[in-house]
């Protein structure tokens, strides 16, 4: 494909597209990948919704959430058993549930009939996580941890690659090429907020970059999903930014849901409660239909 | 209103809201201003659409554009007769049409029945422009040109205040307070893209910040509109970002329209052509309805 | 001059240099302007130091400061009588001293034998200020207020053009070209901090950009000075960043000095006290000598 | 230590210092760590200089460079045998020399009598690299790869932790705490440029953040070094920014040196040649002396 870019230089150039991103780049303007994961299509007309808690706090909690997001129409259960935190110390509340958490999540997901997406932070847990999850999530901080990317890609499992909060589109697509070069074609890109001078609230560390949705779409055939919860870090902004993500053309959405957000083990400001998620599902469906897509 | 902000500091604090933004700040969470300009309501359920060329190039052109955007459903004719440019030299093509341009615009707008919004760059042209325009536009670069703000506010004319591409929400609301303190209540905020590390294309200088829509809404009762044309600087991204702006809750949209964008006098990469604008109007209406608003 | 830039595009291109910045651009790599203002050379081997309070609070204060910074070796008295503030309301303490302040400053400067630099915010005060000041300062927020730039340039007075905190090097040089195109060759560029994602302290709004010193030097013959006080907004960082500015090749420095910083009318966190300024002068001299320049 | 920060919130708060950074935080304002590595003190009066090529291209090249930087006064040989690149494809020229490169470097360093610093990208090479290197370097992209940090810390080897180009000071200090919590006290921080809206050249991707030197110094006792080569990506800016780094208080400098920079295997725009490095060493010494430090 010839990119229509009169001023090459920064960002993605024609040479990058042809020589450095041969697998990630579109072959022609209408080239869009779609593929099925656990019976759900990514990159098609319908938008998959991934929902769940930031952290799998307990067996009861993950089951309750799984049950609720399933009822509201989510397609994947998300949840973290391993969490990278900025500091090495954790309060009792913050304690990762690790192997146990993964097991609880698998049980809960099976009971309610949802496939699973969860993060891989270390190669040593890859056997455990790839046997449990339907999609392996690479977190923002590991976007350019190439050995981890390669190991994940080689499992053959579908992978969702979160954009680093300081990464250019070029860096992000380069990381996706690291996944595809291993023969793994089920790669999903996920925007989750970037560092900028102004984020509008002392507690918000990121700005959701929706301009990257059409920008990435112009260059790559891979599906692009958006995570407004981590980006906004503020539950009141999650609804408008989720609807905006869908209107901007996102191929799916990942959302944080917790029965009692203010008492969540981590990130208490950003999760939606059950009612908030249910209402947002209804609104997302309307927006999807308005742009000739749907959520089923 | 008590803002729900556990970590004061940067951005807008409770003290700012009470003492520095008494006119701009909401009195309560449901406080939203709406006012009529030339029979069109800003801040209500219906979204005003402002469309036209970046520069009023000729009498024929502005009439043709006015006629076309009116047919497609625009509510205001936008166009610049005075243009701030980064460098002092202008090719023949770039020459501002100034007083003449304003006159052409007034004629065209009258013929097709559209009110006018146009930019004020200098106090000396304020009598001319305030007699011609229904809304005075303060451009991004003049957001903190306080003498100009004060002079514009004192005309009593409605004012659209564009956010500077480097301005925080706090700076922007502060500039709006400068307008309101003069007794002018018809103030509209307009987001038009910010400077960030990554804009995804060598030609794009800005990133459209849609997160500022719910963030501003949380603090101020003033209507907030979005200009995706200047922000994206790339016509292919205008449609998805316009739809996203509406889904995010914007109270209106400003768009650049030109019959032959690649031959426009300035900014040839960002304008929509007539067909592009007409199609976008249809899509905007669907998105508006999906969030219980409309474009009439 | 042919710029050595293999990847044109963003920022300043060869075409910009030749056609848009003919007066600001270097004619050859060794082209450096120098000119005298009140007997002090800018752009030469010796570095002028400009010091004084952010605001001219009273007749006594400005005289006391003038006297002290003169004794420590400053070459220019800086001080603001007109201050652009983010919000329109001022406490009694914040009240601008305006015409009166300018008069006090002229008296103090004359008594101690220092020339004056002060900011012009509005064309209406230009006759007053240009009769009082030796250098007209254009503040960050007015960097692209082109009518003001043109009016200032036409006085023939030397001008110091502060970089807007959101401006690219290209925007900044373009604004300087607006000054030079009026026949005014005594133009000084001043870096004063930019908006970025990380400024290291909740109270700091800017990051001092010293990389712009060699970057601007590569393209323009104009002298480049640095204002670390406004950039860092934190007096403890002023000393190291001032020394760094000189080591990076800055042609001069502007500093805020106040006898009792924590009780200054505005910006109490950033000013140096008399002892701090005196000590810094000694250290600046050593750094200047270490790079074959001096402060005399 | 009580931090003097009236407006907690973003960045590092008092609570962070006390509870999240107990090992990294200063105990009192004069608390500065210093420790010896291969007979060279970090954090003392004298500044260690680390120099060498970006990539260890061949046995001859690394010996020639080692010999030359030693003669000019460098204290450590730097060089990469494993290189993280944005894309998975490498031209023949770009091929990593890996185990072989490490062996060449060890031989060259031994012959000329220099200790070694080199990057660890994967835990699987840690035995090899920790047996070869005197300092383990954690690269920017791995700053928050916590399993890698923990594994490196547990070797007991000194570690230089580069700041991620999108990381806040808080994130960076948090990563350092992950190292120290393993009982490793020989931790060096390294600033190497951040992503910002304006980097002044189409080829430059980062801006060297020198404000972080006093900002980090205010909070942590750990030595802070600066890498101007990667930050500026432009050899002509390396000299002024290196001198500025020392003037700002950096505890050491890392520089890229190559006999023929324009033919270097990677990053041909940023390396100094032998003469450039020798001249810069002389200038660095003068700046160091000017601030009562030295380079011996």
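In this document, chain identifiers A, B, C and D correspond to the written order of the chains, with residue numbering beginning at 1 in each.
Assume contacts are C-beta pairs under 8 Å (C-beta built on N, C-alpha and C of every residue); 3 or more make two chains touch, one makes a residue touch a chain.
Model, not experiment: these values are computed from the prediction.
Engineer: Taking each chain's centre as the mean of its C-alpha atoms, give the chain farthest from chain D.
Structural biologist: It is B whose centre lies farthest from that of chain D.
Engineer: Determine which of the two chain pairs, C-D or B-C, is joined by the larger number of C-beta pairs in contact.
Structural biologist: More contacting C-beta pairs are found at C-D.
Engineer: Could you work out how far the Cα centre of chain B sits from that of chain D, in whole Å?
Structural biologist: 46
Engineer: Averaging over Cα atoms per chain, report the distance between chain B and chain C in Å.
Structural biologist: Whole-Å distance between the two chain centres: 33.
Engineer: For chain B, jot down the residues that touch at least 2 other chains.
Structural biologist: Touching at least two other chains: 7-10, 166-168, 194-198, 202-203.
Engineer: Chain contact graph: line, ring, star, complete or other?
Structural biologist: Complete.
Engineer: Using the touch definition up top, name the residues of chain B that touch chain C in the complex.
Structural biologist: Residues in contact with chain C: 9-10, 16, 19-21, 84, 86-89, 121-122, 124, 141-142, 144-148, 164-168, 170-171, 174, 177-178, 181, 194-195, 197, 202-203, 205.
Engineer: Taking the complex as given, what residues does chain A use to touch chain C?
Structural biologist: Chain A residues touching chain C: 7-10, 166, 195-198, 202.
Engineer: Flag every residue of chain B that touches chain A in the complex, lowest number first.
Structural biologist: 5-11, 13, 166-169, 194-204, 207-216, 218, 231-232, 236-237, 240-241, 243-249, 269, 283, 286-287, 289-291
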